[in-house]
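Next come two complexes, and both contain chain A; in the first it sits with chain B, in the second with chain C.
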Partner chain A sequence: MERFAELLIASILLAGLYATMAYGLGLIYGVLRIVNLNHGGMIMAGAYAGWWLHEELGIDPYLALLPVALAAFLVGVLTYGLLVRRLPRGAAGGVQSLLLLFGVWLVVRNAAYLMFTGNDQTVRTSYSTLAVPLAGALVSVNRLAVFAAALATLVILHLLLRKTYLGKAIRAVAQNPESCTLVGISVERIYMLTFGLGTALAAVAGLLGATLFPFNPSFGAGELLKSFVVVVLGGLGSIAGTAIAALILALVEVFAILVIPAYLTAAVGFVLLVLVLVLRPGGLFGQRVLG
Partner chain B sequence: MRGMRSCLFVLLLASPAFAADKIVIGATLPLTGSESRIGGFYKEGYELAFEETSKKGGLSVGGKKMQVELLLLDDTSTQATAASLADRLINSDKVQFLLGTYATNLVESQSVVAEQNTIPYVNGGGAASAIYKRGYKWIFGLLAPVELLADSMMKWIDAEQKAGKLPRPATIALLWENTSHGKDFRKGVSDFAARSKGGYSVAVDESFELNGKDFSALLGKVKAAKTDLFLADAHLPDYITMQRQYVTAGLCHKILSYGARGSEKQAAEALGKKDVEYILSAVWWSPLLAAKNPQAKQFVELFKGKYGGRTPEWYQALGYETARALFTAIEQAGSLDREAVRQKLAALKIPSLLPGGELTFPAEFGQQIHAPFVVQQNLSDGTSPIIAPPDAATGKGIAPNPGCPK
Partner chain C sequence: MKPPWVRPRAVVGLLAVCAVLAVGPLLHGDLYAHNLVTLTFLGIAAALAWNWLGGYLGQVSFGHAAMFGLGGFVAARAQISLNMPMVPAWVFGGLVAGLYALVWGHPTLRLRGPYFSIATIGVGEATRLVCTYWDWLTGGSSGLSLPMQVGLKYRLYWYGLVLAALAVAGSYVLRRSPLGLSLLAIKSDVDAASDVGVSSTRLQDLVLFISGATMGLCGGFYASYFSYIEPGDMFGFDRSISWVLMGVIGGIGTIVGPALGAVIFVLVRQFLIASYPQLYLGLYGVLLVLVILFEPLGLTGLALRLAHRFGYRERPDLAT
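And now, the complex of A and B:
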């Protein structure tokens, strides 16, 4: 029973991390119908930004969340304004957007190699190895904090999309951009803000990840892959679905150790992905548009 | 047409291999990409060896002094680039010999090109014994196999067990990264346990993927098994992530090791001094060897002189020694004939800065050195002395881990 509780807690905490990594990717796809391959690059950039603020200015990584998110938002807005805006919309822009954003990712990654070298970096705080007892198991304070941040992000995103004019406009644009133009919503502006928001979420995920494990400029590739799995499982464009899919993926991965060797547990998620694509191509929760 | 011929002739004369008074040695290293940090260390080792040789007027080949030049390219830490650049070095740049890159997978692919082109390939960056089990004639390796790493560590643990400091039989949680490095480590520990006549039993035997983000389920399995020893084989990032989770999960074992990892300054900074105490590690070389090995002492002094007093790590030492092995074989061959140099490398037996003090490429191990490893332990005063083998020891190890609650 104790082992079950330990595994359950580990799953829930891991789900928090996965959800944080996937929100940005899901949001941008849901509204712009663009797969942001630079999501991995921004996860890495967020990790370095948090690390730099901690090392150079002594700012706690959790206090750095807001400035890093704001800076990444601006980067996202600029990326959209300078590059993404020029792409053709819809299916026609699919390949171009993949190539363009993959190129941006390569530039970001190589810039990081030049600036920070390939050395692994870590963010070490006084609570890095602090643990608290929970349901008979010792739980890392850091992991709890990451989970809390994931939960907070979910609530904020939900409130933003449901209760604010901007959120309603984002949802409207996601559903029918042409009609939005007719009722006076600036679709380009919404696209730009959504791209900024998605980029900020990626950077936040990177910063949170940096508090848990070492990273270098190649950081973000594995996280992007995992984000894909979560977003596809949850149904593209569904924020709540993303959170639930993250939990399902984490539960399957963690509990898989009871029946299969540990090195295969990472592959379980991809098997799940293939199964969902074959049996429910719209994701476990369907193709809902940011609902 | 005639003009073109003249032009080609001039180009050939200008190409490195046609400069008759110098020897051009080609090499690639991962100077960018995921292994760039270590690639940079190997470069320092290579450059020091070439600089020292130049200061002595070059290599003495058949009674004539010849300068050596390093043609170094960046293989970007990728297998395909490492192989294609090796091909370019041999067939376009016409280098006479090759020095190897770093990391097992890169050496594995590059050595195929060297073998196909029958060019001596001396490397200090590929440890997996699988590389040397392919029956290749032209590859020579200075990194001893990881099986020996596990074996060196187990010998020290066994001595402590025989001294009554560890239980007999002792149970082992054996975790290994799912790479050839990890598989060799697993084999080393498992073989030792099998030979121990009941001294050790492996209670948990699990592998994990590189760059793992969550080891809590795996560590939960270790916790449930309540083993005496925790022996893992991991690269630095996984060591840091796993050790953080190990500490937060409240685990503590009589012996704790992450294979070659443990004594790095970077890990102590990332985890905190207290959380790396009493971790056991075994490495190919340590600057502490300078206390008893004259070659190691000379290397450390040369390195500090060139690099502003910085202490070298095993990467630079292996890079330096790899180049030195090739230089020695060229001088012994007395010619630049590839086959003659290959034969001298195969028969090489020289004093070395490596543990054991001797450099050979035994044919029975596919021309991979079988030097012992140095076992180190992080102590509470922040030092990591060599605790084994006895002839290289600079301190005494402690077992069982005094940090664990009684």
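And now, the complex of A and C:
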């Protein structure tokens, strides 16, 4: 029973990270109808950015969140402005955008490999090994902090999409880009900002993940897949939907340790994806209203 | 009258090229070139098989190494443990790989959008992990060794030629036959295709199976060629990417484009990328980005553009 509580808490804390990670992918898909295959690359880049700031400048990973997010936002804006903007949209552009962003991912990966070698890295802070008792289980302080940071990110995002003009414009473009031009919203600018936002979310998730897991330049492939599972499962509808989907994925993953050997847990996310696609294909990406 | 879907010119051309390549090794003794061409044949067959899905159906796969590796290991295991002869073992490996592709591809191809492509990223990775730990099939990370046969590597040149020629012929059939028109219809608009009676479900599965089976066959060929295989190499991520790149360089969705892409790719890898092993992923990436941005049809697009400048107009019904 104690083990059960432990695993349950672990799942909930992990779900926060997954939700942040997935929302970046979902946001870009919802507004631009493009799957950002470089999502995994930016998760990895965020992890390395946090690690570098911590190792070289001694900046706490949680203090690095804001500057890393801003830098990733700029990278996203540039990626859109220089590359993605030139592609055709819709069904015909689907293959091209996939291939283009996949190419960008390869470049990012290779750059990280050249700069930081292929060795596994970890972000170790003074509180990495601290733990507090919670509901009869020992919980790492760092995991709690990751959860809190993820939660805060999602709340800020929610407020941004609901309360600000920019957020309303983003949601409007997601619903109907043509009408948006009629009422004077610059659709291109919204696309660019959305791409930046989604990229920033990926980097934030990567940075948070770096405090939990070891990573190397190929870090992010599994995370991209997990993000996709959450987006498919939760739809693009709401932050609540994303959170529930993230929780389901985390629960399945964490409890899978009990029944299957450890090396197979990497396949769990994928099996879940196929199951979701088979069992609940109709509701996927059903709602197009973000917020 | 409907124009025939295979031009005599194309058939004659293919046969002529094959004839030249078939007698070529008898005229020179350059073993290095001989082996390089054999590997090019393998690249051509695999790149075309990738293109049937990625080009004709518009379902890009980033994980075709899963079928390549599975086919290779099944073929190797069949030869070692069941004493199966080489070619039947390849076919057996191909069939298993094709069925495996259906298992995960069938549900994901049903849905519109990028589901299939995303799933392939997971399939490639998951298959590699599972097979690395599946000692019985793959021998674990130490791999499998096939019994050495004197002169086999030299003879495999002609097997490879047949494989590549079959793949080119298959590409013609899948593109130009009435079946090819159905595939084009599915790629352009699934709803409109089903309205005129094209069964997208069956045809997509068919193409997926053929593509996966050809990939598995190539894996079996590869296993016999090197007579030693291990999971990390067979299921490698860069292997999957190399086929994407061959297709993109040559021209996605065209008939001979990916074959051309495979030739260029094998040569470039041999002479350039081998000297910069730490840069190859980035080079692949830069190439992908450049081709997609500036010439989405790759070399074929470039050739068409040049041909147009000199006044050539392709028959509209055969336009790539």
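Observations
The rule is short, and it goes like this: the second predicted complex is superposed on the first by the 264 of 291 C-alpha atoms of A that agree within 3 Å, B and C clash if a C-alpha of one lies under 4 Å from a C-alpha of the other, contacts with A are read in each partner's own complex, and residues count from 1 in each chain.
The rule is short, and it goes like this: a contact is a pair of C-beta atoms (placed from the backbone, for glycine too) under 8 Å apart; a residue touches a chain by one contact, two chains touch by 3 or more.
This structure is a prediction, so every number in the text was calculated from the model and none was measured.
Once the two complexes are overlaid on the shared chain, A:Y113 sits against chain B and chain C alike.
In the overlay built on the shared chain, the residue A:Y263 is in contact with chain B and with chain C.
When the two structures are aligned on the shared chain, A:W105 is found in touch with chain C, with no touch to chain B. Within the superposed three-chain model, A:G46 lies out of touch with both chain B and chain C [touch as defined at top]. In the superposition on chain A, A:G222 contacts both chain B and chain C. Of the two partner chains, chain B is the only one that A:L7 touches; chain C does not reach it.
After overlaying the two complexes on the shared chain, residue contacts for A:S128 are found with chain B alone; chain C is out of touch. Once the two complexes are laid over each other on the shared chain, residue contacts for A:G24 go to neither chain B nor chain C.
Shared contact residues of chain A, touching chain B in one structure and chain C in the other: 110, 113, 218, 222, 261, 263, 266.
Those residues of chain C that touch chain A in the complex are listed here as 54, 58, 60, 62, 104, 107-108, 110-115, 117-119, 121-123, 125-126, 129-130, 132-133, 189, 237, 241, 244, 248, 252, 278-289, 292-293, 296.
Looking at the complex, you find that chain A touches chain B at residues 3, 6-7, 10, 13-14, 17, 110, 113, 117-120, 122, 124, 128-131, 138-140, 142, 209, 212-216, 218, 222, 253-255, 257, 261-263, 265-266.
Every residue of chain B that touches chain A in the complex is listed here, in rising order: 32-37, 40, 77, 175, 178, 206-209, 211-214, 216-218, 220-221, 224, 236-237, 240-241, 244-245, 247-250, 266, 269-272, 275. By the touch criterion given at the top, residues 35, 83, 86-87, 91, 94-96, 98-100, 102-111, 113-114, 218, 221-222, 224-225, 228, 232, 261, 263-264, 266-267, 269-271, 273-274, 277-278, 281, 284-285 of chain A touch chain C in their complex.
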